[in-house]
Amino acid sequence: MSTCPDLVTFGEALVRLSPPEFRRLEQTKTLNVHVGGSELNAAVAATRLGLSSSFVTRLTQNPLGRIVENSARELGVDTSHVVWTNEDRVGTYYIEFGASPRANSVIYDRADSAIARITPSEIDWVAALEGAKLFYTSGITPALSSSAADATLEAIQQAHAAGALVCIDLNYRARLWTQSEAREVMTEIAEQADILFTTEEDTFRVFGIKAPSYEDVAHQLAERFDLRIVAITLRENPSVWRNQWTAIAYETATDIVHRAPTFDIEVVDRVGSGDSFVGGFLYGYMTEGVAKGVRYGVGMSALKQTMPGDLCWATLEEVERVLDGGGLRIVR
Amino acid sequence: MSTCPDLVTFGEALVRLSPPEFRRLEQTKTLNVHVGGSELNAAVAATRLGLSSSFVTRLTQNPLGRIVENSARELGVDTSHVVWTNEDRVGTYYIEFGASPRANSVIYDRADSAIARITPSEIDWVAALEGAKLFYTSGITPALSSSAADATLEAIQQAHAAGALVCIDLNYRARLWTQSEAREVMTEIAEQADILFTTEEDTFRVFGIKAPSYEDVAHQLAERFDLRIVAITLRENPSVWRNQWTAIAYETATDIVHRAPTFDIEVVDRVGSGDSFVGGFLYGYMTEGVAKGVRYGVGMSALKQTMPGDLCWATLEEVERVLDGGGLRIVR
Amino acid sequence: MSTCPDLVTFGEALVRLSPPEFRRLEQTKTLNVHVGGSELNAAVAATRLGLSSSFVTRLTQNPLGRIVENSARELGVDTSHVVWTNEDRVGTYYIEFGASPRANSVIYDRADSAIARITPSEIDWVAALEGAKLFYTSGITPALSSSAADATLEAIQQAHAAGALVCIDLNYRARLWTQSEAREVMTEIAEQADILFTTEEDTFRVFGIKAPSYEDVAHQLAERFDLRIVAITLRENPSVWRNQWTAIAYETATDIVHRAPTFDIEVVDRVGSGDSFVGGFLYGYMTEGVAKGVRYGVGMSALKQTMPGDLCWATLEEVERVLDGGGLRIVR
Amino acid sequence: MSTCPDLVTFGEALVRLSPPEFRRLEQTKTLNVHVGGSELNAAVAATRLGLSSSFVTRLTQNPLGRIVENSARELGVDTSHVVWTNEDRVGTYYIEFGASPRANSVIYDRADSAIARITPSEIDWVAALEGAKLFYTSGITPALSSSAADATLEAIQQAHAAGALVCIDLNYRARLWTQSEAREVMTEIAEQADILFTTEEDTFRVFGIKAPSYEDVAHQLAERFDLRIVAITLRENPSVWRNQWTAIAYETATDIVHRAPTFDIEVVDRVGSGDSFVGGFLYGYMTEGVAKGVRYGVGMSALKQTMPGDLCWATLEEVERVLDGGGLRIVR
Amino acid sequence: MSTCPDLVTFGEALVRLSPPEFRRLEQTKTLNVHVGGSELNAAVAATRLGLSSSFVTRLTQNPLGRIVENSARELGVDTSHVVWTNEDRVGTYYIEFGASPRANSVIYDRADSAIARITPSEIDWVAALEGAKLFYTSGITPALSSSAADATLEAIQQAHAAGALVCIDLNYRARLWTQSEAREVMTEIAEQADILFTTEEDTFRVFGIKAPSYEDVAHQLAERFDLRIVAITLRENPSVWRNQWTAIAYETATDIVHRAPTFDIEVVDRVGSGDSFVGGFLYGYMTEGVAKGVRYGVGMSALKQTMPGDLCWATLEEVERVLDGGGLRIVR
Amino acid sequence: MSTCPDLVTFGEALVRLSPPEFRRLEQTKTLNVHVGGSELNAAVAATRLGLSSSFVTRLTQNPLGRIVENSARELGVDTSHVVWTNEDRVGTYYIEFGASPRANSVIYDRADSAIARITPSEIDWVAALEGAKLFYTSGITPALSSSAADATLEAIQQAHAAGALVCIDLNYRARLWTQSEAREVMTEIAEQADILFTTEEDTFRVFGIKAPSYEDVAHQLAERFDLRIVAITLRENPSVWRNQWTAIAYETATDIVHRAPTFDIEVVDRVGSGDSFVGGFLYGYMTEGVAKGVRYGVGMSALKQTMPGDLCWATLEEVERVLDGGGLRIVR
């Protein structure tokens, strides 16, 4: 493991518990255990494709905390800058998988987690960011608590200082904060960002921006916050099990809107798609620029949705196969 | 638990055994255990939405009998009027879940169950029906045996005597009796009913009624049996995993045919849909009348089909969300 | 369900998550879901044997809260006096099952649960205790928070007022409070108790009482707190999978120490043994007095340890069979 | 498959449903599926060791009936003389696995099965027994119904006519018939038997024979019924999970009591031990006589108890390894 | 089991390991165990419908080898001509089930299996083929090794000598040999075949034949290799979970192209469809000729795709029901 | 992850497949997936306790190879020096868990694995060993193939050159090579070793050394091969589920035989005990010397046997608790 990761991400990863076989939570006698969280998911996706990544968080020193660390390490993400505590708890969440007309449903049990109780200067950012080219966090991290918001701002400043590009996903979570709380903090953060990931809906909820087209939304965001790149993922969900998925990315320097193919997805588990898009985008962007970024982001996140859990276990070869229109025959 | 339930239902509940993962029964080494039966299912649906309900049956005093009682109680249905015996057995059934072109398939092993061997006057109907506003049974109960048919007629008469509305679902089961047997008994029952639930197909098989439209079928039934309300559920199943589902309800007093939205359903388990419709309808009907009844019946039964087992674990809030066109986004 | 339960219990029930097959929590990808908590466990045991019981707690209105209620109802325990809230959370705990020399291991995640945040006068004790003959709570409930301690004291006073015997299990939990905190509160509680359940170890940790024999411990407790009955359970655990289990009960009125047979137990899951002892004792005591109480308590709790989960699914007939020295042949 | 099996067995095989992980039947949401029945179990054991065997029964033509046939075939037992019907049902039974002091517990649901409804002359015994050297049935088959008893007697007569040795296991089942019913029928059967398998307890319950030693019991049986061989299995069960197991066989011709080593068994599933003893005995007896018979019977049935299900999946090599005192090291 | 099977098949059957619930192989902690291989699959399908079949292969004598034999026997396929060895290994393969856009994915671990190491004259073909009317193998068997290719040619010659029709499925496997290797061997084999099963794609890859229509492909094959019948299966897979499936069969003698209905399939597991087509075709062909063959082949293989595993557990009645357009209602 | 691990291990790790619930391999329809191999197991144990470790092997680049790497990383073992290939395969093995008198049973399917086909100079040992204090491999690695033996000798020489102590476990595997083959190679290896781990039995099989006591065996080994330390693990297995376990270590420099407590173990999975002893010993030895080494080795490996899989998931705190005689109470 290089001590100089390409990508450093910062946020919360939770232990996720989900009933199998479309059971309701009330019905189930077993739960599947996964680990996920926007910033871990993005680090995993980037790592699977070839970037080296490090995930920074604060964890309680108990089996649940170790499950989170183990899961990151299993997929090759460095955890050497995780801060450990004997206090607090590891956040958990429950997800039920639905079927039309029953939507998937989430119950968070993440209050007072170790990362929600982080305070600035607990993390040695100079060490954690040494050599990093990219820093990523999402709107979830500052929403966890006001001290977490402070720690997020500290991280972003340190990332700039370390010469890393600051990448942000709006990821608005209504159960964590109000739209006005989000607007205040995310405005401050977006102003320091280089690359912004979002959806049309989050843009409206957080910044009140609504426009006739995705491209317009991207333009407005780029302009308002002086961003290098704005990437927007687009989902159509005519049913729970079948979605269409694509993304665009607007690059300010060239004033080009880059597009990716639209995938018709048989959805096994859509959680973490946006995060896998981030990871795939950053890999593509770092290797060949925005055009590749948006394509690899969409390919990676399309594959994510076909496998259970928040993390994307696809390989570079598989992403390239679906982007090349590789068919659905069994190779044998 | 109030001693005066809004709804009393009477019939058989079986232990249901089903292979996971679309396995054939011949292939499987494990079976999932559920409990179901039309009258229990309806009581559960009504209870989940807010009516108080009591399920009356006859059960063998052994772990299988207790599984049935436990399952009813778990979902809040009163079982204090269940008759227990040390004789007979608890009915079971096996269901295989298919995929087009393989239909779901059921094997009943319910002969000689405790409820099939019930005889009139075993149940203290005066106590069981005290304060009840609704009584519900289906065409399955009298089909179990001739003594069960006698007991069903006794129950209906007692329900009338207790001032409860008598609600009947035709629920024709070809494996339990012939169409002519069904016609004879169900005619006698329908003549004493206030509300009739059925499908176009059952109406034809039991009463020989066929008409150019669902509305006509409802009209003819209402007229022939002097019914207050006739509700008909409608299913289109272009494939096993994808169905369309709705219902209508004709109200004699107003001569209005009430309709509900049609749901496009990704089918996890369609067993018990009609029963959840009954439960949802009765809740809606008791709170605001037929128009609400048909809507809540369809909403409840649409959700039922997205979860495994015969019982519907949806909540009032969830039913209202799908009826309000709540989308398929994950709320978080 | 009678509106006048024989037994009312008050406390916390948690959703319990445990890895199968002796896996460590760190290793597992699935968790089994159970529900348990001292006061629920005791109510279930009493109900299985024939007392009517009601469990009073405070629960968050979400699927996890409903899992707790459903589980109580499934086993016949009345939940109509549960207080529901949209705030707070449902406590959870994780348990790993060990093998010698690895002890079972528990991780609590119960802070800030709905019941921990209860305050006096939230529960309508007059209604909840109407007609009750017994009231039971354990040292866990007041340990949850100081407002829970106040609520516990309120409950005890109301129980006295309602004419119920007050039954307490010391149940010291070092992770919830210190020994001195426990001593202060539990002294106040014990002084109001009629029947005290405990172990030699808890008696020492909470009250500092140590004596050459179990009988002496019981005597001292009875005297110090002016108790009617003191029951002490006794476990020898030469290994994790094999324990010896029995109990004694000292009755002040007769000055007799009642004993029960010692069971050699192949331990499947020892959690909740003490609580099943309480339930079995109270059933025996209410039907025939202390001698039967201690025997049925030990029989019930011995059986508890042979089945997974905190709750005891044994029947009266099974308890009597093991007390009668019924052998280990398969009956067929 | 040879058309001339060494061994023909006749009786009922049931679909067996058992909860995993020591769960009670009332608790479980999944059941493991096995197939078993004394005469099938014995045929399987003999086949695993090298005899060719055929299992004769009557089965309902549905997936459950096919599960029984498939299971026999999977283990190499011929099923070409099974009689198929579209009527009746396939018997099932439920078994809970216990732990001291909770014994294993069985619930039969086998009434009115296809084999219970068999009548004489339904089976073409001339064809089924062609070339057979051994015929085996147990006291369960005639206990199923009086027509099954008639069919059993017919089978035994035909076996004699075909030149096969008639082998009988008393296998008294109190849930199927009374001791006096059993005595009448089993006396008639034993009088026609060549080899009798039993336990001390069954001998007492069916024939009222009690003697100071196992050897005496065997002597008395051999004398009363003019038997060639009497084999008695012996179990000590100080706990559910740990038993001692051995057997003796008395050979009339030589007046020798043959013994086998006693095995200390860690019991996974003791069901079918006696039947595996029969199969192992018959293999040993046919290849080298009674001394080998009793040894291989005990070796095979000791191994049976270490694996789940009624059937013994051990191999000849494994039986010889345990009889040779092969240790418990992992071979690798 | 007749000693004269209608159908003898020859090839490899593997132990197949697949993750449940759409998990990636990298993610899974459990694997489902199935058995499959083109020639076993075909024998099973034919046997389920009513032909007697025998599967010939070479297996290592260990539990894995026995799993293969047991699986064949369980479904009624004779295994008495399997050659057993203590050397070599049993081939395995892993399959991941995907969802659009992720295709199913296979990893073979079959090198150096016992059947790959077979040499001519190891099998007693005279005995194995006695009375056989049909012999079937696929292009996989000769691809396993050059000695396996020799053994395949020997088998084909012996089949001709025994008077059996020689039936071949091209089944090109790119991971086993190159197209030019396949072309050389399969040309020699096809020239000796009576009935050829293939797909358009395999025909092109192996023989370089491409034509404007399926019918043309069949014509060209029939002519080039002097075949009696050429059957081509046709799949459209717009998504992983939803396929269209049909087939045609060209009969040289009548110059007729027989067609079957096209099935819209909800795909549970498409592996083994072509093989089930072969089995269904041969059953239909032997009972009523090519027209029935193609219909029953398609019906059988359509049903195959709705159940997990390589083998088809459908019954004749079920095939006829789907061919008769039996709907998707639950029969009850 | 430090680039200078304390411990470098070299060998094979396999994907392990095991039936749950004591099922035979022939019976099971599911397999549990674990990863194990002596040298990986030892690295994991050392890492869990606090040493940094790196595992060096050669793996095929496919999901199975990645499972091995992921598993190592999950537990914190560095894999950056693994050599990847597109050829060969990943070794697998099957293990059945027994019960007395049925021993556990292993089937290896590891021939021609990527590591068996390794040749010298494929690994950059200078980089891999930089800064390492300890190098560990076992007698399994050279047994894989003669090129693997060469590569092992190369590794040992490089380890010496890098200044690491060379630690060897004899680990004789009769299925991989003969005793005389082992003797030749292991003699050469032992002569270069600093620390030797073994059992009495392996010492006899490989070196023909037999002595009246363990201490003598250790002495003789130390003398013959000029070793710093000889550690011998000692197992008594009166039954499969219950073993006694301890170890001694002879230190040449002090001529002291260090002992550890004997643990009475309820065995969940004894595979990998010796390897966990190695890891625990090395941790203890590096921190405080041989006396601590043997104690921590025994504590770690005793705990290993209580958890499923080859790897030990215990923590330093848990090891110290069992060494301190921490009881079997649940801490809560």
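Each chain carries a letter (A, B, C, D, E and F) given by its place in the written order, and its residues are counted from 1.
Operating definition for what follows: a residue touches a chain if its C-beta (ideal position, glycine included) is under 8 Å from a C-beta of that chain, and two chains touch if they have at least 3 such contacts.
What you see is a predicted model; the values in this text were computed from it and never measured.
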Chain pair, B-E or D-E, that carries the greater number of C-beta contacts: B-E
Turn needed to bring chain B onto chain D - CA fit, degrees, nearest 5: 180
Taking each chain's C-alpha mean as its centre, the one farthest from chain A: D
Same-site or different-site touching of chain A by its copy chain F, using the half cut: same
Equivalent interface to A-E, taken from B-E, B-C or E-F so that over half of the residue contact pairs match: B-E
Most distant chain from chain C by Cα centroid: E
Centre-of-Cα separation between chain F and chain B, whole angstrom: 61
Length of the line joining the C-alpha centres of chain C and chain F, rounded to whole Å: 45
Where chain F touches two or more other chains at once, by residue number: 24, 26, 29, 32, 70
Chain C-touching residues of chain F, taken from the complex the two chains share: 20, 32, 263-268, 302-303, 305-309, 313-314, 318, 322, 326-332
Partner chain E, residues of chain B touching it in the complex: 21-24, 26-27, 95, 98-106, 108, 173-175, 237, 239-241, 270-271
Contacting residues of chain A [partner chain F, same complex]: 1, 3, 70-71, 73-76, 78, 80
Residues on chain D engaged by chain B in the complex (per definition of touch): 17, 24-26, 28-33, 62-64, 66-67, 70, 89, 92, 94, 96, 107, 109, 111-112
